[in-house]
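Next come two complexes, and both contain chain A; in the first it sits with chain B, in the second with chain C.
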Partner chain A sequence: MPINTLSDVEFGEDLPTFVPDTSLATGANFAKLVGWDGPRFTDHEAAKKEGLAGAMIPGILSQGYLIAMIHNWAPPAEIITVDTVFRAPVMADDAHTITGVVTDIDEDAGTVEIDLTVSNEKSETRVFGTATVRLPT
Partner chain B sequence: MDADIEEIRGKFLNLDFDEKQFHVDPAVTTEYARLCGETADRFLNESHEDFQAPPTYVASLSGSRMLPENFPRFGIGMDAGKGIECLQPVRPGTTITGKTHLHDIYTKTGRSGRMIFVVTRIEFYDEAGNHLANSDSRMVMREKS
Partner chain C sequence: MILDLHTHSIKSDDGRAKVENYCKWVRSKDVPIDGFVLTEHRQHDFESDYSALAEQHDLVILKGSEVETEYGHVLVFGVTEALTEAFDFSRIDLPLEMVLETSEAHGAVAVPCHPGRPRVGMFAHTEELGIPQGVKIVEIYNGGSRDNEDKIAIDNADELGYLGIGGSDSHIVSHIGRCATAFRQDIKTMDDLVGALKSGEFEAVTFKH
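Presenting the complex of A and B:
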């Protein structure tokens, strides 16, 4: 059930798991859109020639996935802050999932804190972050 | 805190060293939102009454330089993370100004030696001077031994 107000949120609740589109096509289109169209984001073979395991998803696209996940869970959520650590590359064309958990609720401020993690199929954490969002009271 | 880092902090923190204008293209912000997986109309539909760029859009905007002139080169810089603070919506179709300064400099020491973290902050303002957002880029440099 989508979250519409602060009172809908329970401390410690898990957000619905989000499956981002980490295809090479999406990563490459995003990289071109923001002017980062180097081979590391657009071409597996060319990325390998740079010494990488393959093409990667741009870090800021992973950050965008985290926010889309929050909006998917709580459509009216206003993002106040998001802090993201790129721990390891998100490889294009590998399946990933994003999980999130509510770690704090500030009823006076009308805000919720959420810890978010991007993991690959081996359950390795690739990106993690924390977001603070405001919800209608 | 190490004396050399204290000195660098005093010399470089909180001084604007770059200013750049960005046109916020609605075609770009809507595609940005779509590729991230956003489904809300306020990010995707130009005719929505609250049409706005997705919150992390400003993370894609880079200044003309990442570090001030004469900043010491401790080693090769690597991306250690990004942070966004949203103060007001960024409206597509407008021009915004990004002003860049160093927000923090600190160190961590591990088995392989000292690592220097530098947080570069771009503050974004609209044409009326309203502060819209901050975008922080954390860079880590492993000190040359």
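Presenting the complex of A and C:
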């Protein structure tokens, strides 16, 4: 059930797992739209020539997925910060999942803090971070 | 007594966890640890005082450091001001053998961490640089390492006769306690911890799966 107000949130609750579209086609389209039309985002073989394992998903698209995940869980949430650490690239055409869990509720400020983790099929953490979001009280 | 010997807070450049939230998480989620050691990257946090939080949540909260050497990252327990003056904790190219020797000379214990990982782990460098002298303990369970990386750590530690500790290497709240170290004796202070590590009476534990 979507979260609408701060009182709906429980400390430690898991957000619904989000499966981002990490296809090469989507990553490449996004890269072109934002002016990052480099081979590392659009072409596996060309990316390998740059020393990468393959084409990767642009970081800001991954951050967008994190925000989408939060809004799927709590549509009225106002995202105050999303603070990410990219431990490893999110590889295009590899399946990933995003998990989130509420780690703090500040009733005075009307905010919650969420741990976010992007993992691949091998359960390797590729990106982690935290988000602070404000919810109606 | 079980302690997570490897955690990071917002004091680390890539840490995103507030210590208070670690405490709340451990207690509300029944994470099976009795405390944790904050091992901030390339520094030692002399300033922060977590004693009130520790008391409030009935947890042991201690402070160590994680420094960087040519063999990868190394946890240091028992850091003193004199030790931080003996070598520059902020450098990323410290000689491992110097860190081990100097730590020991100052009554501290240095432990290569996540040694099975590429680049930042000791065993990624032993073929090229040789087996370093002075290592007694390595981190064999690391919450951020892949299973095959922990296996490299365990296998090499067995072969070389090293003891093993565990730590979550948590950078966000919900990752604390994934791995830890079980001690026979009660540990309340850093001196207790250093003594327990020197005694060799501990065992690495993992709760990753």
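Everything that follows uses one rule, which is that the second predicted complex is superposed on the first by the 137 of 137 C-alpha atoms of A that agree within 3 Å, B and C clash if a C-alpha of one lies under 4 Å from a C-alpha of the other, contacts with A are read in each partner's own complex, and residues count from 1 in each chain.
Operating definition for what follows: a residue touches a chain if its C-beta (ideal position, glycine included) is under 8 Å from a C-beta of that chain, and two chains touch if they have at least 3 such contacts.
This one's a predicted model, so the numbers in the text were calculated from it and none came from an experiment.
By the document's definition of touching, of the two partners only chain B reaches A:Val34; chain C does not.
Legend: residue contacts after superposition of the two complexes on their common chain; A:Tyr65 is shown touching chain B, with no touch to chain C. Contact with chain C, but none with chain B, is seen for A:Phe11 once the two complexes are overlaid on the shared chain. In the superposed model, B is the one of chain B and chain C that contacts more residues of chain A.
Legend: residue contacts after superposition of the two complexes on their common chain; A:Ile79 is shown touching chain B, with no touch to chain C.
Contacts of A:Asp115 after superposition on the shared chain: chain C is touched, whereas chain B is not. By the touch criterion stated above, A:Thr103 is placed in contact with chain C alone, chain B being left untouched. Contact with chain C, but none with chain B, is seen for A:Glu124 once the two complexes are overlaid on the shared chain.
In the superposition on chain A, A:Leu52 makes contact with neither chain B nor chain C.
Within chain A, the residues touching chain B in one complex and chain C in the other are 83, 85.
Within the complex, the chain A residues that touch chain B are 18, 20-21, 26, 29-30, 33-34, 59-61, 63-65, 67-69, 71-72, 75, 78-86. Remark: chain B residues 28, 31-33, 35-40, 54-56, 59-60, 79-86, 136 touch chain A in the complex. Interface of chain A with chain C (complex): residues 11-12, 83, 85, 101, 103-104, 113, 115-117, 122-125, 128-130. Chain C contributes residues 14, 16-18, 21, 24-25, 28-29, 144, 146, 171-175 to its touches with chain A in the complex.
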